[in-house]
Structure formats: structure tokens, C-alpha cells
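I've put the structures underneath this note.
Look at the two complexes coming up: chain A is in both, with chain B in one and chain C in the other.
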Partner chain A sequence: MGVTCVSQMPVAEGKSVQQTVELLTRKLEMLGAEKQGTFCVDCETYHTAASTLGSQGWSAMVRSQLTATSTSQVQVILLPQPSQVAGIIGQTGKLMYVMHNSEYPLSCFALFENGPCLIADTNFDVLMVKLKGFFQSAKASKIETRGTRYQYCDFLVKVGTVTMGPSARGISVEVEYGPCVVASDCWSLLLEFLQSFLGSHTPGAPAVFGNRHDAVYGPADTMVQYMELFNKIRKQQQVPVAGIR
Partner chain B sequence: MSGVRAVRISIESACEKQVHEVGLDGTETYLPPLSMSQNLARLAQRIDFSQGSGSEEEEAAGTEGDAQEWPGAGSSADQDDEEGVVKFQPSLWPWDSVRNNLRSALTEMCVLYDVLSIVRDKKFMTLDPVSQDALPPKQNPQTLQLISKKKSLAGAAQILLKGAERLTKSVTENQENKLQRDFNSELLRLRQHWKLRKVGDKILGDLSYRSAGSLFPHHGTFEVIKNTDLDLDKKIPEDYCPLDVQIPSDLEGSAYIKVSIQKQAPDIGDLGTVNLFKRPLPKSKPGSPHWQTKLEAAQNVLLCKEIFAQLSREAVQIKSQVPHIVVKNQIISQPFPSLQLSISLCHSSNDKKSQKFATEKQCPEDHLYVLEHNLHLLIREFHKQTLSSIMMPHPASAPFGHKRMRLSGPQAFDKNEINSLQSSEGLLEKIIKQAKHIFLRSRAAATIDSLASRIEDPQIQAHWSNINDVYESSVKVLITSQGYEQICKSIQLQLNIGVEQIRVVHRDGRVITLSYQEQELQDFLLSQMSQHQVHAVQQLAKVMGWQVLSFSNHVGLGPIESIGNASAITVASPSVRNGPESGSKIMVQFPRNQCKDLPKSDVLQDNKWSHLRGPFKEVQWNKMEGRNFVYKMELLMSALSPCLL
Partner chain C sequence: MADVINVSVNLEAFSQAISAIQALRSSVSRVFDCLKDGMRNKETLEGREKAFIAHFQDNLHSVNRDLNELERLSNLVGKPSENHPLHNSGLLSLDPVQDKTPLYSQLLQAYKWSNKLQYHAGLASGLLNQQSLKRSANQMGVSAKRRPKAQPTTLVLPPQYVDDVISRIDRMFPEMSIHLSRPNGTSAMLLVTLGKVLKVIVVMRSLFIDRTIVKGYNENVYTEDGKFFLCVKRSFDVLVFALRTDVSVLKQLVICKLDIWSKSNYQVFQKVTDHATTALLHYQLPQMPDVVVRSFMTWLRSYIKLFQAPCQRCGKFLQDGLPPTWRDFRTLEAFHDTCRQ
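For the complex of A and B:
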């Protein structure tokens, strides 16, 4: 697991999403990257249902549900945010995102926007089904990105098409620099590499880097970046309709 | 009396000193004799002071009478004196009893003498023999002894017989008890070897390897039943056992895994028809009950089934370059092209029909016992892994597997890390690798041996290492000439035989990798042998003091060799060219004056030029004497070297 930067590539003028993706992949292949299969990152949104039992009752109910299933292994990574506990209990409308990444095939990620990110094994999905009463899936909320995976020496580049339902909404570009795990050490290198094939569309430093630039980078940070990307793309809902011809 | 010759009479006193104690070594400790005062005291105690002097007079009278009778046989001189003294003898003297005994003995003797003298005359007295019973013959005392001994022995025998009777009775009772042995005691013996549990009113046992870590889904339960088909009227058979075990029907009989390597490609129609040779059952320990052998055989069948199931599962799932064929009870794979490895499960039941055939056929020769044994070891290793500390104990909520695999979800392991966790090779791959190695090794050995037997001139020796791996063996190959081992030891090769390749390390440091092709190894060894000859000449030249003019391991001149390269050496005069196929060619140079067909030149007039070296002539090598090439060379060189007197 190395430092990863996830960014969005805007669709080129007068071209469709597909064509832009092809352009990008051709550029990468000319650089000398070799194709190494495909990747997929998906995200489902849930919002916490209004709890009628109150905070204590809810947590007791959740606890009993957890012991009943007891098949999931979890490890919580707490991002240093103040209002995490308050965020979970009682407040309605809080969105929880459950994500999967094919790079970590046996893991499942659950995160809140400014809250903790949970890394669990794939049985977590089954658990979510059991918690239907408390987390309701938002309608038509599944968003995913699929594409090809390229290896270029120490860099792993993934160019994917972001789709929501049947329509393609944008392009995601993920670049991972394997050898380094501290973001601040290799950001300049990453930037240089991104410039080589993204050109003017090179993004700035991700927000995640700013928060913990000396701490060890983890998979949860990648998922946070993806979540931000997906949210941005969701908000851009209207714009691509005009762009696609 | 004085005329009669005196008779010597020996007088001996009774023991002077009384024995106080006899020591352990026989020495006697004497009591010290009584002193005068003590003796006097003793005598004084005897005196009865209560009696008056009358007794003394009586005593005195008694002694007078005795004194008169005293003949005084020992001393005649004192006789007259004694008579006078006799009348007045106040006390007895110690020799009195002696005197009396002697007197009586004398009287007796005199009477006897008189009687004998009268009897001799036979006038007044005759001897009349005393009638006695006839003396019993000499045996009589012995017969008497015999009879008495017999009686005593009969008494002893009676006691012994009584005792023996009692013992035999108790032994027969025991025998009867043994035959009608308790079902419970037999069950106890069974429990010492196998796990049993009671389910309802049935006793079930477990003969599977599940408790040892196996994951095979076979239940492996056997039932223990009471053997009640005992006919009390008939004689109880010797191997009667009140307990019987009923094993599952699919585990009956005996099984083994046959692993063999065949050269020919399989015929499609032949697949699946493996001859089931019934291997003779391994001898059970003498004295082990029949249920033990039965259960052990069933357990072996179960293990063989598990091994075969694991192998066939891997054969189907794992993708390899050449797909494995799984047909009925046989797995066929091709480790090398034109080579076929077949692993089959041979399960033969204990029917009487098959036993007839069993005695005719024996175990096939191409069955590799080593690989079958290794399969058993590998599956047991796999069992142990499931019980090792990285698997057990595991939390109830986690899936069964490696400890780190449980953490792969929560710790977001990527694909590389997951791959490194999972075991890389399955049973089938390991066995195929081992089979490849065994085959390669045996073929390399056969190649070296065939070369050694075919070619005698440079000898080829192989020293195999005793310590081998399942995937690697090594052998040291030396090429020498007989008799010249110390001089020509430049070709020494170390061969490391791996799974698919043979790596050769030469003495001069070169490392060559040969493939599994047998021809490559053979060609290589032939080329080394040819090079050895030339090296040998070089060494020989050094020893014999000849000058080496040129030496080349790979000579570019002359006919092309099909295997390797020819090597050549030129020593001052003989010149050798040796190739692996073309053999050796030796040329000798002669001085000009010995060559007849040299044209005389006008320029070189002087005689001294005729001593220069001239053209080369070939030597007929097959006519040279000597048992090998180096010997022949030595003879040639010694023949050509000038002798300095």
C-alpha cells in the first residue's frame, strides 16, 4: 500500500467519456505502462434512519444485532474528528458510504463524510442487510468506477469510467506510488508523474494529505478520496448530460 | 608270671584340658586346667562330711581285698613290696580303675587262651560251627535299598501328583474362561487403541483421521457388535473373539496408491483400466486381534481415498500447461513430453474370487514406492498443518484457515500479500516435481553407466552423494585414464540434478546448464572425454620433459565434429588431434634426412639443413601397443626421446 492520489479527469471538449478514456490509456501505453487487468471501486450510500428508541436503545439494539450475526471481523480506523460519536447516534440524515475496492478483494470499507472509516471483511455487507432498520439505502445511489489497471515501474495507474446506473458520469484517475507510505515525502514525485500524462489537468494535493501529511498513508485514505470524488461527480449531475453526444 | 613275655600296654589319659570353644577355623580353645587349690576344692566338695569314720573303715576293707587281687602285671619288681603294702592301703589311688580293667582283660585273655589250647587238642572240647542263615547274596542289600527307595519315592510322587492334578484343573478352568472371555475385557482392549462412544444402545467407533487434522468428509464410523454365533456343542475355535467390528462397506478390503512412470503415451482406450494388483497385506503384529488388523486396513483405505480425492481435486482445479487427465481411479499427467506419470488408487476387496488371482500376480515393477510413501507423508503433513498454532485455536466467528488470512479483511491486504499467504503448491504439484526429479536422476545415472560400460579408454567414474533432497541430487563425475590418475585429473565435473535441469560445474569454474534431454548429457560427457585425452597428453609432456608447442581446447581445423569440438595439442614432435567422434589422430615429425620423398633443393646445400624437422607422418594408432591412449602416448614419447648416455 503506497501513497495514492485520486483525481478526476474532465472530459475533453467535443469528445465522449469513452474517447477521453481511450486517449488517456493510449498515452499511458506510449509511456511504457503495461496493462495488468481491471479494477473496480464501488460505493453505496445509506442514511441513518430516524431512531424512535433514543440513543441508548439504538446502541443496545445494534449491539444485539452484532452479536447475533457475529461473522464479521472489523477494525476501526478513527480519523481525528471531534463529533464522530454524536454523528452516529440520533442524528438523521447522516450519510454512510459502504465501499469496495478490487485492490483489496477481501475487505469492505464503511465511512462517514467527516467521520471514522471502518475496514471490515466482506461479511460486513451481510451485516448491513441485517441493519436495514437503521441504515436505509438511498435510492439510485450506487456509483462505481471501472477500468483498466496499468503498471509503470513503481507506479500503479488506474483509469476508470465513473458510472451511476447506466450512464457514464466522468473519469477517475488513480495513481499509486508503491514504495512510499508517507504522503509528504513523495507528493512532488507524484505530481511530476501526473503532469507527464495528465498535462494541464493535474490536480492539486488531495485534502487527505493535508490532514496527516506525516502519518502513514493507509487504504482508508484512498477510500475517502474516492468518496469525495464520487460526491463531486454526483453534484455535477447536470453538466455531463450536455457534454455527452 | 615272670616267664611270660610282657605285653606292652599303652595308657592314654583322657583329654587333659577340656575344650572351651572351637573357633571357626578349627582351633580349639582349652579351658585352663584346674590348679591345685581348685582341684582340692572340687574334691573336698565331694566329701560327704555327714558320714562317720565307719565308712572309711569299710572303704579300707574294700581296698584291701582289691589289693590282694592285684597281679601287678606291669612291674614284677614291685610285686613283693606291694603285697606287703596291700594289707595296709589307706586310700584308693587314681590308677585303680585302670588296674581293674586290665585285670579283667587279662582274665578274659587267659580264659580264651586256655579254651583255645584245649580245643586244639580236640580231646575234651571241639569247635562247633554256629549255624547261621545263609549269607544273602551281594545284591540283597541293594534290592532292599531299592525297595525302600521306591516306597519313599512313591510317597513323594503321590504328593506331587496331587499337586499336579490341582494345577491342571485350574489351568483347564482358565482355558474355559478364556474362551468364554468377557466381552467387556475385549472391549477394554479395543478402547486402548480406538476411540469409542456409545450412541443409544450401539457402540460406535471412529477410524477417520479427523481428530488428527483431516478435513475429509467421510464419517469413518465403525460399529462394535457382540459375537454371539458361538456353538457351545462344537469345539470353540482358537481365534474366537466375543467382539466383532463392522466397518463401512466402502472401506472394506485393502488399498494402495500406485504411482508409476511410463514412457509411452497413453492410449485413450486404455485409460482407467489400471490393473489392480492386490498387494500382499502388511503383516500385522503377531498376537494382535483380528479386529485390529481389520480396522487398520480400513483406515488405510480411508487415507488412500483422501489422498486420491485431494489429488484429483487439484488436478481439476489447478491450471497447468499440460492439463492433467482424471479418469475413474487414475490421474495422468505429463511431467516431460513423451513421459507419463500415472497415479491410481488401487482398491481391492477381500472377495474369494480375487484372492485366487492374488497369488498369481505380484506387485508391478514400475510402481514407485518412494512416491507412494511421500504421498502419505505429505497428506499427514497437511493434516498437521490444520492443527498447528497458526490455524488453531480460531475464534468461533472466523472462517477456518490461516491466522493471517482472518486479518486480511480488516487490514486491507492487497493481492500480493494475499498470494503470499496462501500455500503455493498443492499435493499434486509436489508429487509431480518429485517424480520428475526421480526420473531425471535415474536417467542421468543410466546415461553415465552406459557410457562407462561402452567406452573403456578414458574411464568415467561417478560418485553419488548420499545426502539428497526430494528435489535435488548431486553426483561427481571423474574422467581418468587407467594408471594415470594422478597425472591426468583435470576433468572433474559436479552434476547437480534438479527437477528439470542438470547443472554442471566444471573444475575450471565453468557452469553449464543442461536440459532434461538425455542426449545432451551424453554428448557433453563424450566431448569431455575427448578433451581429457588431450589434457592428458599435456600433463604427460610436462612429466616427460617434452615441450608443448600449442594447445587448443576447441580447434577450428579439420573435420567438423557433430558433438562438441575437437581439441588438439602439439608437443615437440608428436601432434595430437582428438575429437569426440573422429577419434584421435597423431602425427609425428621426422627430420628431413629420413624422408625419402623430399625434393632436394638447390638452395639448401649444406648437410646441416637435413637435420631440420620435416613433414609430418601419421601414426597408425590402432597398431600401437598399450591398453589406453595415455599409455600409448607415453610409449611413443619415450620411443622418440633421445637417450642420453
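For the complex of A and C:
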């Protein structure tokens, strides 16, 4: 896993999402990139359900559900300390995102907004079904991005259309530089590459780069970036239908 | 068949020799006829014997005469050697069944190929001799008598000395760590880890660097067998953390085999491997190999900023998707591979 930068490409004036994606891919192919299959990243949102049980009872219930299939990390994340439970019950449910990335087909990522990110195997989805009582899926919350992968030298570029339900809401661009594992080292290099095909739409340094100075970059950081991107797109106003001609 | 090109074959002598062969054949058959007929009927036994012997002798003399005549003529005919420059192997071309045993065409191809090989080898040796790449102290071409006695050879050094040199170099730079192992006999194998940028496997031959492979920090440097041990090592890491023991001790307990053959998955590190091979040929000092190893490691250390340094010539980071991978041997400045000239 190399350093990855995920950003959003604004839709070009007077063009539809599809046409902008085509423009981008044509630019990439002119640069010399080769198509290498497709990719898909999706995200589902869950609310932690406010429960009438006391904090002790809550954690005991969850623990009993988890004894069948659990890893130590799952217990750490999903069993909040009693103090936290009190806080949660007081608030409206905290949001948990469960994401999948086709680059890691056997893994499932679960993360809170500013909290830890858990990397589990795909049976985690089954676990979420069992925990229906405590984590309720938000209605119509599934958001995903699909598109093609391009390989240029050591760079892996993924251009995808972000869709929520049937409507296309935006364009995501992900660039991964395989050889480097420390984010702060290669940001200038990545920036130069991004400029070569995004031109003026080149993003600034992602927030995760600043947080981890010399730590080794991991797939969890990529998923955090995707989560931020999806949240941003969700908050954006829907693209007016009149604009798409 | 009038062969105009072939002057050496004497056609006259040729036809005369053919008739001489026929004469010889007939005289030989006359000998055997005489023997078959036996003695003619004469009055006395002696007369019959004498006549038979005289007849027999005449025939043998005529055979002798014809044989001498044939020998003389065959010397005049001459050797048609220019027709068949391949001598006996050229006669393979007369084989009418070329499809089943294409010996002659294969022979010709083998000959052309070996000619080309010889030509290319000659060119290559001419080019290579221009730059002497001798890294050992032994001189070629000096006879055993003239070679000074007791010349210290740096090719055979005690392994302890090599270990000492390497551990001293290990302590030289804080961001570079060198781990030495000897899985295959006496030649040392070093695993050099440079910060979080790259890993280098260096195969040594006493204190001379033989070859290097450069791989990324997150790539696997062990063989398939070693992977199992790596998993064991990871679970040990958790145990170690709990027990607060020294991780390096456990590392040595686990036997991991270094993979010294497979290339890196990334083009940038394949390029750096090529440059490292150039560097190990460039730094040469046969009498003081530890200085050579030190200079090589100093050069290698300049790669700590592989992804951060722009090219000194063009100022950019990327050229054809590669960062500046060349480090000058004297000044250690970063250049793109195409910018260094």
C-alpha cells in the first residue's frame, strides 16, 4: 500500500458527469496510462441506537452477541467504555461507516468520524446483521463510487463516478504512489503528477497527511479520505436537473 | 558436363582415366578367367604347367601395367576441392531427401550463427578492454615466476574481519541499519534498511560487493519459505511487547531466507537497482576494500531523500513517471536518469 490521495473533481461547466469522466480518462490515456480493470468503493452508514438499558446492561448484551465471532479489535471498538456509553445515550446516535474497497476484496473497514478505523474480514458484514439492535442502518445512505483503474509507471489512478441510489452526484479521483509509504515524503511528487492531468483542479494536501508525520501509510487512511469525500458530496446540493443537457 | 569455372579438373586426363579403369577391369577379369579355365590340354604335364604359368604371368603383368597407367592419369586429373569448400560436410547437400533429414540446412544455420557469435564476441571484448574493471589485486598476464612472492590477497579474508567492518559501517549512519547473515556458506549477505524508503540486499564475496537488489520498504525481501516465519515473528511481536524482551534476539531465533533473485515490483526501484550495480563497479580500490564498502554505503545513504529531492538539472520531480533516481558519484546530487549527462 503506497501513499494515496483521494480528491473530488468538480463537474465541468455545461457538461454532465459522464462527459467529465470521459475527458479525464482521455487525458490520462494521452499521458500514457494503461487501463487495468475497474474498481468500486462503497460506504454504508449506521446509527448507534440509543438504548433504554443502563450502561452495564448495554455492554453485557453486546458482549454476549460478540462471543461467537469476535476479534480483540472488534471488542475494543464496539464496546465503548461506560462513560462513553452514557454520553452516547444522551446524544443522537453516533455514526459508524462500514466501507468496502475492491482493492482489498477480502477486507471490510469500519470507522467512526474522528475515531478509530477497524480493518476486519468480510464476515464483518454478517456481524453487523447480528448487531441490528445496536447499529441501525440509516435510510437510503448507501453511497458508492465506481470506475476504471489506470496504471502509469508506479502510479495507480482511479477515476470513478460517485452515485447515491440511481443518481450520479460527483466524480472521485484517487491517485496511489506505490513505492512510497511515508506521506510527508512524496506529497510534492504526487502534487506534480496530479497537476499534469487535473490541471487547475488539483487539491490541497489531505488532512490525514498532516496527522501522521512519519508513520507508515495504511489502507485505513485511504478509507478515511473516502469517508470525508462521501460526506462532502452528501452535503452538496444535488446537481440541478436543468443543468444536464 | 562442361564445367567452365573449374579449371583444375583436367578433362582429357579424366576421360583417359575412365578408359584406363575399364582396361584395368578387363585385365583383372582375364586373370580370373585364366584361373578358371585351368591348364590347357598339352602333350606333357610340364608343358601344360609351363604354358599355364606363362599365361598367368602375362595377365598379371597387364594388370600391373594398367594399374600404373591409372595412377599416373589420376594424378593428372587434379583435386576438385574448390567445388566443395566444406569438404566432406558439403556432400550432405547432395542428399535428395531434404524434408526428413534437413541436415545440410541446419548445418549452414549453425555455421552462420557461430560466425556471428564470434564477431560479436570480438566487438564486445574490444569495448570491455577499453575500461578495465579489475577489482582484485591479482594481475593477469604476469607469469608466476615474475609475480612477487607473498602478495597479500584481499580475496581471502577471515569472516570475523568482514563482520567487524560491517558493524562499524552500521554505526556510521543513524538512519541506515545493516543486518548481516551467512545463509549460503562464507559469503556475507547484508540487508540494508534505509529509513522508511527502501531496503537493499547486498551479496558480498569476502569484502567485495558482488551484486545488489533494491526493493521498496513495504516489499517482501524473504523467499516463500521465509513468509511463514514472518507470520510467526509478528505474533511474537505481540508476545514480546507483553514480555518486554529484546526483539532482535527473537529475530535471530527465526530463520528467514533472503530472496536475492526476484526484482522489485516498482519501476523506480528497478532503476535504482541498475544504478546501484553501476555504483558497485565504479567504486574500486583493490588494496583497500573496506574503503570501497564505506563509499558505497555513503552513496546509498543519499537515497534517503529519493522522493523528496527534485532533479538538480530540470528542477522537476517527475520524468516519465520516475523521480530523480541517479545520484552523482562524487557530489551525491540527485538527477533524473535522462538528465544526468
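The rule is simple: the second predicted complex is superposed on the first by the 212 of 245 C-alpha atoms of A that agree within 3 Å, B and C clash if a C-alpha of one lies under 4 Å from a C-alpha of the other, contacts with A are read in each partner's own complex, and residues count from 1 in each chain.
To be clear about the criterion, a contact is a pair of C-beta atoms (placed from the backbone, for glycine too) under 8 Å apart; a residue touches a chain by one contact, two chains touch by 3 or more.
A quick note: this is a predicted structure, and the numbers were derived from the prediction, not measured.
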item: First (chain B), second (chain C), both or neither touched by A:F155; value: second
item: Touched partner set for A:C186, first chain B, second chain C, both or neither; value: second
item: Partner chain(s) touched by A:A138 [first = chain B, second = chain C, both, neither]; value: neither
item: Which of chain B and chain C A:P219 touches, first, second, both or neither; value: first
item: Which of chain B and chain C A:L23 touches, first, second, both or neither; value: neither
item: Chain B versus chain C as contact partner of A:I119, first or second or both or neither; value: first
item: Which superposed partner A:A12 touches (first chain B, second chain C, both, neither); value: neither
item: Partner chain(s) touched by A:Y104 [first = chain B, second = chain C, both, neither]; value: first
item: Residues of chain A contacting chain B in one complex and chain C in the other; value: 1
item: Interface residues, chain C side, partner chain A - complex; value: 196-197, 216-218, 265-269, 307-308, 310, 316-318, 320-323
item: In the complex, chain A residues that touch chain B; value: 1, 70-75, 103-109, 119-123, 218-220
item: Footprint of chain C on chain A - complex, ascending; value: 1-2, 32, 152-155, 178-182, 185-186, 188-189, 192-193, 196, 214, 216
item: Of all residues in chain B, those that touch chain A in their complex; value: 396-398, 406-415, 418
